[in-house]
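Alright, structures below, take your time with them.
First chain A sits with chain B, and in the next complex the same chain sits with chain C.
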Partner chain A sequence: MFDVLIGNLTYLLRGAVMTLWLAVAVVTLGTLLGAGIGILAAVGNRIIRGTITAYIFILRGIPVLVVMFLGYYAFPALGLRVNTYVAVGFAQIVYVGAFTAEIVRSAILSVHPEQIAAAKSLGMRRTAILREVILPQAIRIAIPPLLNNALTAIKQTSYASVVGAWELTYAAREVVERTLASFQIFLGVMAIYFAICYPLSLLARWCEKRLMATH
Partner chain B sequence: MDYLAQTAVLLAGLFPKLVAGFLVTLGIAAAAVPLALLFGLLLLAPRMDRRAFICAPTIGFIELMRNTPLLVQIYLIYFGLPLLGFYPSEFACGVAGIALQHGAFLVETYRGAIETISQRQWDAARAIGMGRFKAFRHVILPQAILKILGPLGNQVIVLTKDTSLVSAIGVMELTMTGKMAIERSAVSVEIFVTVALFYLVLTTALGGAARLIEHRAAGRH
Partner chain C sequence: MPMIEIRDLRKSFGGLDVLKGISFEVEKAEVVVVLGPSGSGKSTMLRCINLLEDYHSGEVRIDGETVGYRINDGGRRIARPEAENAKVREKVGIVFQSFNLFPHRTAIENVMMGPVHVRHMAKSQARELAGGLLEKVGLADKAHQYPATLSGGQQQRVAIARALAMQPKVMLFDEVTSALDPELVGEVLIVIRRLAEEGMTMIIVTHEIHFARDVSDRIIFMDGGVIVEQGPPDRALASPSSERLKLFLRRYQGDYLAV
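Entry: the complex of A and B
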């Protein structure tokens, strides 16, 4: 019954490699962008804070698929010719960035203000306080939600297939159209996604437990 | 006509269609939310069962749902069920897919809330002669509901955004309506900005309602 899956496995695995590339790009760039914005949101002046709050609010209120379509249509409208991966990947990076920024900002704000006062009274400069007092604590708090955020982003790369980017889910649809073995193929694809996502899921839970134990 | 006027005329013409799509989006969410809540509750007892032959398969199912993309789950239901002789509508397949995944996320939310309520509360309720069910119903559940309201509100918002995926199997909801409109007209970004605004209004309203409910419930205790 599953020989259709085995016969098409190499093709699907090529799709999985594409999914992994997309995921690595989106997660690293989205997290870096979001971390920068999140730090700015915590230390910036009122105009910067307001702009960032608006960015986070808008992006978090829209489905990622709609943001992907926006990215897909926005580049040509601006007169830029880019391939689908760049357009969809860029859209997803901006999307993941908004979620990351919110996590990083709230992690920084959760560091107790008395610690900042204590650091100031020791004569530390603002950048030194940020680097040596706030960030080491904030990073520990932010890691579990950031891992969960990455997990969501990896699963969301499959939506790029709807916009037309060839990756694992797109490859699966092609195979199903050819073989009509929808059940076997999609179950197999689910197993591949599971193999990618589950270890990360376990890592996130392990970090959460360790964080709880130290508090 | 200049650009602004032209776009305004075009969007005004599309508006009734977008509203119709928006209503379908609302319908999908309205059907999927109670189903997801219920499905999560149904999984709660087997998930918390101590016997391995009951809890192990439940955990396996929950983990599979949580660690695979919703889109693939919807495809599995939509393209897979006909092989087994069932032919549900696109709408039903979309709602089922969304309810299954969000139900799997909700079990863990429910469980987390129940487990954070200290064992001493259980012991105290049992000590004054309450049975297991009565203790759950009168002592644990009211406290758990308070703790759940926040994450529940978030889950409903995520679910509402996920309804856009149903466009991939051809349901004419908001995202699909926007996509079809683009294929027939010259402007594209403007239409999707409008679609995005519809979603933003909806999720903002839901977020406001969730906060209000949470606030009210917290005030009563």
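Entry: the complex of A and C
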């Protein structure tokens, strides 16, 4: 029954490699973008905060699939021709960035205000307070939700297939069209996605334990 | 010139007037204890001195320099830039009721924070200074422990060492023993008394009446955002002239039926 899966496994694994590349790009750049925006949202002036809040709220209210389509069609609409992966990656980075920004922003704000008072009272300046007091504590708070966010981002790369970016899910659909063995193939795809995400789930658990231990 | 000069200090939160015109001076090496019921504005007053709380009118001077504002040639009140406020805070150490140690740093790293990140002292030199201060507060053996593993009394002594590391001219204590178990209060008060004996200029907000009598040169009693009475401890505590201070002392000296 699973011969068809085994026979097409190499092809699927090649798709998985593309998925991994896409995931690494989206998670890294999305997290960096989101972290920067999240910090700005916590320390910036009213205009900056307002702009970022709008960005976060808008992206939060849109399904990732729609963001994918928008990202894909935005470039041609602007008269630009870009590689499908770039368009897909861009859309996903913007999407992941919004969720990351919200996590980072709320982690920074959840550092107790008296910590800032204590740092100020020593004569510390704004940047030193942010760097030495706020961010180290905020990171501890943010790491578990950020890892969770990364897991979601990895799985969301499968939406790239709908606009024709070839990766694991797209490869699977091709194989299904050829073999008609939908169930077996997608069972295999499920196992591959799980294998990609499982180590990150374990890392999240491990971090959680470590962080509990130091507080 | 007095070390601390407060003139007609006023502050309100929303519509609530918390400080309704506070004026007093503290001389160099003088120890002033501020007593008063909760909500009387003591902590707010203390936090205005190093501008952790902004104030609406009046004037605070540390060592002759105005805090938070300066008056321009036209007599208008101009807010000082944050860098100047930070400069003033370097001269004023404060210890909080809730310790507020940095939980991600060990005891000695907490004490090194100011010297390294404000004074830009070399780490090795800061470590030496911090080690000496921890020894002074009796915690040399806890230097590498994180705050979470220390008792409340120990944490508060680290907090005192952290403030002293900036070699402040003035120390402010904001109900520093109120969050401690009774058996841990003594170890903190002993450290503060030693500072008083060394000639540190201090304002101490506390509910420890015996300690106040013991350590202070002057008692200030606040209620409802004003100074109700002040004087040397033997007079203010033994024969208070105002009804409100009498009542306050009766309550705090264990007469729980006094209303």
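Just so it is clear, the second predicted complex is superposed on the first by the 209 of 215 C-alpha atoms of A that agree within 3 Å, B and C clash if a C-alpha of one lies under 4 Å from a C-alpha of the other, contacts with A are read in each partner's own complex, and residues count from 1 in each chain.
Assume a residue touches a chain if its C-beta (ideal position, glycine included) is under 8 Å from a C-beta of that chain, and two chains touch if they have at least 3 such contacts.
These figures come from a predicted structure and were not determined experimentally.
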Dominant toucher of chain A (residue count), chain B or chain C: B
Contacts of A:F183 with chain B and chain C, given as first, second, both or neither: first
Contacts of A:Q137 with chain B and chain C, given as first, second, both or neither: second
Common interface residues of chain A - those touching chain B in one complex and chain C in the other: none
Chain C-touching residues of chain A, taken from the complex the two chains share: 112, 114-115, 117-126, 128, 132-133, 136-137, 140, 214-215
In the complex, chain C residues that touch chain A: 47, 50, 52, 82-83, 86-87, 89-90, 92-94, 96, 98, 100-104, 113-114, 117-118, 146, 148, 159, 162-163, 166
Chain B to chain A touching residues, read off their complex: 63-64, 66-73, 75-76, 79-80, 82-84, 161-165, 167-168, 175, 178-179, 182, 188-189, 192-193, 195-196, 199-200, 203-204, 207
Chain B contact footprint on chain A (complex, rising order): 58, 60-67, 69-70, 73-74, 76-77, 151, 155-159, 161-162, 169, 172-173, 176, 182-183, 186-187, 189-190, 193-194, 197-198, 201
